[in-house]
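See below for the structure under consideration.
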Amino acid sequence: MTPPNTPGPRPNLVEPGAFAEAFPMTATRLVVTADTPAWALTAAQTMTGYATSVIACDAEAGIERVLDESETPDGRPGASILLFAFSRDALEKAVSNRVGQCVMTCPTTACYSGLPAGEKTIAVGGRLRYFGDGWQISKQLGGKRYWRIPVMDGEFLCEETFGTVKGVAGGNLIFLGEDPRATLAVAESAAAAMRSIPSVILPFPGGIARSGSKVGSKYKALRASTNTAFAPMLRGQVETTLPSSVRCAYEIVIDGLSLEAVEDATRAGLEVAGAMQNQLVAVTAGNYGGKLGPYHIKLENLI
Amino acid sequence: MPLALRFTSASQLPLELDGILPERVQALSQGAIEKLLIRHGNRLEPLAEHFAISGSIDDGTLIFESAMPSGHGIGTGMTAGVIRVVGHAGRRIGAQMRGGRIEVEGSAGDLLGQGMSGGRIAVTGDAGDHVAGPLPGSRRGMTGGVITIAGSVGAFAAAGMRRGLVAIGQSAGAGLGYRMIAGTLVVQGPCAPNPGLEMKRGSIVLLDRAIELAPTFRKAGAFRPVFLRLLARELASLNATIDIRAFGMPLDLFHGDLLTLGKGEIWTRAGALASETQA
Amino acid sequence: MPQAHRLDAEQHPDSVCLGCGCLCDDITAVVADGRVVAAEHACARGEAWFAASSEDASPECWIDGQPAAIDDGLDHAAAILRNARSPLVTGLDAVCVEAQRIAVAIADRIRGFVDAGGLGAHESSIHAALEVGSVGCTLGEIRHRADLVLAWFVDPVATHPRFFERYGVDAIGEFVPRGRADRRLCVIDEHETATAAQSDHLLLLKRDRRLAALWTVRAIVAGLSLDPHTVARLTGVSLEQWNTLARLLLDARYGVILHDAGAADAEASIESAAILHLVRVLSERTRFVAAALGSGNNAKGAEQVLLWSTGYPAAVDLRGAVPAYQPQEATTSRLLDRGEVDAVLSLEGRLALDSIETSAGCSIVALVEDDLDPVPNAQVVFRVARLGTHAGGTVFRSDGVPIPARAVLPSHAPAAQELIALLLDRLEHAPGAGDA
């Protein structure tokens, strides 16, 4: 634990020049509600499952926040969810598949757009309505169109279109440590702090990734493979970027609705790292040499 | 500051006010406004002959300051801005309106919101026949927008309605929702027997405790779907004089008119249907 | 009916009786002493109508209640109408089509409203036909083909005494050779009417249950299943009885629903439309038509004249550049009730008389064909020859067939069409007749 009067992070905690290389991705926010907080959460968890990385998932998704009755369109408990995909078409497909299979199927739920419908939107209720087999009902209220789809516990209500924005994906922090348990503890605390930042999600399990990847592989079919430079047990076999004392690295990936949100989350993670610096060797970030992503989030600028 | 028009004429003959719109008046000088022609009976006469004009329209608001039951067509084709009518006004208020807001502090005549496709009309008093109805010769009534009436309405309210929301704070006459195509209609008070005849789609919520439906409406059961919660919230945000506590419990759902598609729905308080309770 | 006529009696075969909507044109009017003394073939109602034909010697024109010359009356009337800002031409249903077309021209000239008039009785059926479309026929077709007649809240035996003899139930027709024996008569009414007494099948139904009943029958014909309790409660008649009726309708080779033009209220207009809908559904399975009985006036003619001259059947607003149809605003009763007119040209004196209460501040020019007292609230009253006895002219029967009525008696007063032609002439040619 950090002594209470530690004067900020030590100078070499953040690796000099480290930056996260982030990409634009099309993003949307959903609000899922249900009769009880438990069912709302169940729906949200189910629909954000298997959505860690677009390397092999249709989208990156996560629960942004749990919402109470005063915060949802229908006055029921709910959760807000962010989803990210490479294109609006891919996002539309992913969201409607996920809502169709994971929210519509979940008892008592309803699903709303959590972003204003600007000029760029995706159809969700507009696609799912066909499940109603002709018995779906369109309803316009307050300038929004909803679809009411008859189901076995009454009807599933879903907004027709969801607003999208250009989001930022691939923000990240990598915690390097000597003791795997201590390093994980820092990552957990950092993830908790970062999750409280609005408009971001941490798509990996518990917010933390342990299998960071590099682009490409010796196997032609693979687009990505293990990040050998960060794999401590390969030290000596391949070139490594890990300081010699490091035997464990954990990565937190951040997807946000804006660059500011991703930076805020990164900063929150760094603050935790600073507070727990005696459990870490260093904090760094993953990038591709700065050639691929337009957004470079320099860690030093955020301290 | 709003532009105020005070009715100074003694004439009871029909006065067509359809060209007097905030968006049109905005670009005009006081002199030009005074010279705008309105139809009085079968003649065209300058606005100033019937109205005292004061103020300016820099806040986009136009006020008719006095009651004029023979002033018709206020806000016809309106697209933006606000028109306030202080006192009773004539027929066709907000006809073919596409946007903006009309507030009537008093009662409105027949044909309120006729052929309306967008915007918002609020009436503190009553309204006459054919609220949200079709233009003559058309079968399709209101296609969008919101009308709230605190008082009662006459016959054929929301007949042929295609889209939008109409909320009526008190009673409704015969032919309510007749041939409704879609849209949402809420009535707080009593309504004449046989609402929703020949409705194809759309939702009618009737909150009186005694409702009589045609035999071609069939009960589905009592439900409390999410859409009614959304509707209650929308009504509350519109300040409609609807007691939304009724939405807090399951309402009886009837489908009809089975003679015409049958995808319409009428929601009533549980047990409000006279033929049901005594059958 | 007197069999022996006086030797000096003059016989007018093929005279038309305007006593009711039948417009029987097989009457032989027997004229003696300047009046119709007998009407052969006419029913009691028709005889009474012809008998009320004595011409009265009252003045041809009044101005402000004082007898006046027609010329002065025309000048006065033209001035009133020319100066009016919101004039109404109405009562068209009281005159022949020849007069109606001139009346429309007057309305156009003075830029006012024009409407058939009456009590708006025709309104609901016009609306219904516009909205639903109507499957109709001439009365002759009913005579020759109909094997089922459903009288829906009408009592033709009392109101149209020769209807069954000439067009309906009792007549021998080409495809109903045994007449009454080949036809079924169903009656739905509130009471056991005279027509009900002749029916094969009677259902008593309360008037305020009409819509529920029509919906029940429509549903049965459309093949929907209905809840018997609901039907019994809503209509006061059991579902079984409605099923029987529906079966009768569907079993007909050629059915006709006789109905009334109805009142002007919302329910009546829904009812009219529902009858037309029912006919449409029945016509998918067999041949069915709807026929309005009509009255002795020329409401149908007014509808036709307004249609071909303005494009709309009633309640036409000619104030603007093009005719506008305002069925919910410009009907006679609504305009008068709301005081939205400042001058009325009424071709029917009775209407002017009835609107005393509501027409304060409104100048009235009226045509009167009865021997009425001068219309007390009218500024100018013209007496015109009585249509069908003293003046000829074309009248439309309720099925849209024009029937030429002929004068059988001479008249001192001009025919309505002559009088208003003079009025139109004044409006067109008198000084100041240019655009107001």
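Think of it as A, B and C in the order they're written, each chain with its own count starting at 1.
Basically, a contact is a pair of C-beta atoms (placed from the backbone, for glycine too) under 8 Å apart; a residue touches a chain by one contact, two chains touch by 3 or more.
Note that this is a predicted model, so its numbers are computed, not measured.
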item	value
Centroid-based (C-alpha) most distant chain relative to subunit B	A
Chain-chain pair with the highest tally of contacting C-beta pairs	B-C
Centre distance in Å when subunit A and subunit B are each reduced to the mean of their C-alpha atoms	46
Distance between chain centroids, defined by C-alpha means - subunit B, subunit C (Å)	35
Gap in Å, rounded to a whole number, between the CA centres of subunit C and subunit A	77
Interfacial residue positions of subunit B with respect to subunit A in the complex	144, 163-165, 182-184, 201, 203, 223-227, 229-231, 233-234, 237, 263, 265
Residues of subunit B defined as touching subunit C within the complex	12-14, 39-43, 69-70, 91, 110-111, 129-130, 133, 136-137, 139, 155-156, 173-175, 178, 193-194, 197, 212, 214-216, 218, 257-259, 274-276, 278-279
Subunit A - residues contacting subunit B, complex	33, 73-76, 110, 135, 137-142, 146, 148, 154-155, 157
Contact footprint of subunit B on subunit C as seen in their complex	84-87, 110-112, 130-131, 208, 211-212, 215-216, 218-219, 222, 224, 226-227, 229-231, 233-235, 265-267, 269-270, 277, 319-320, 324-329, 338-342, 361, 436
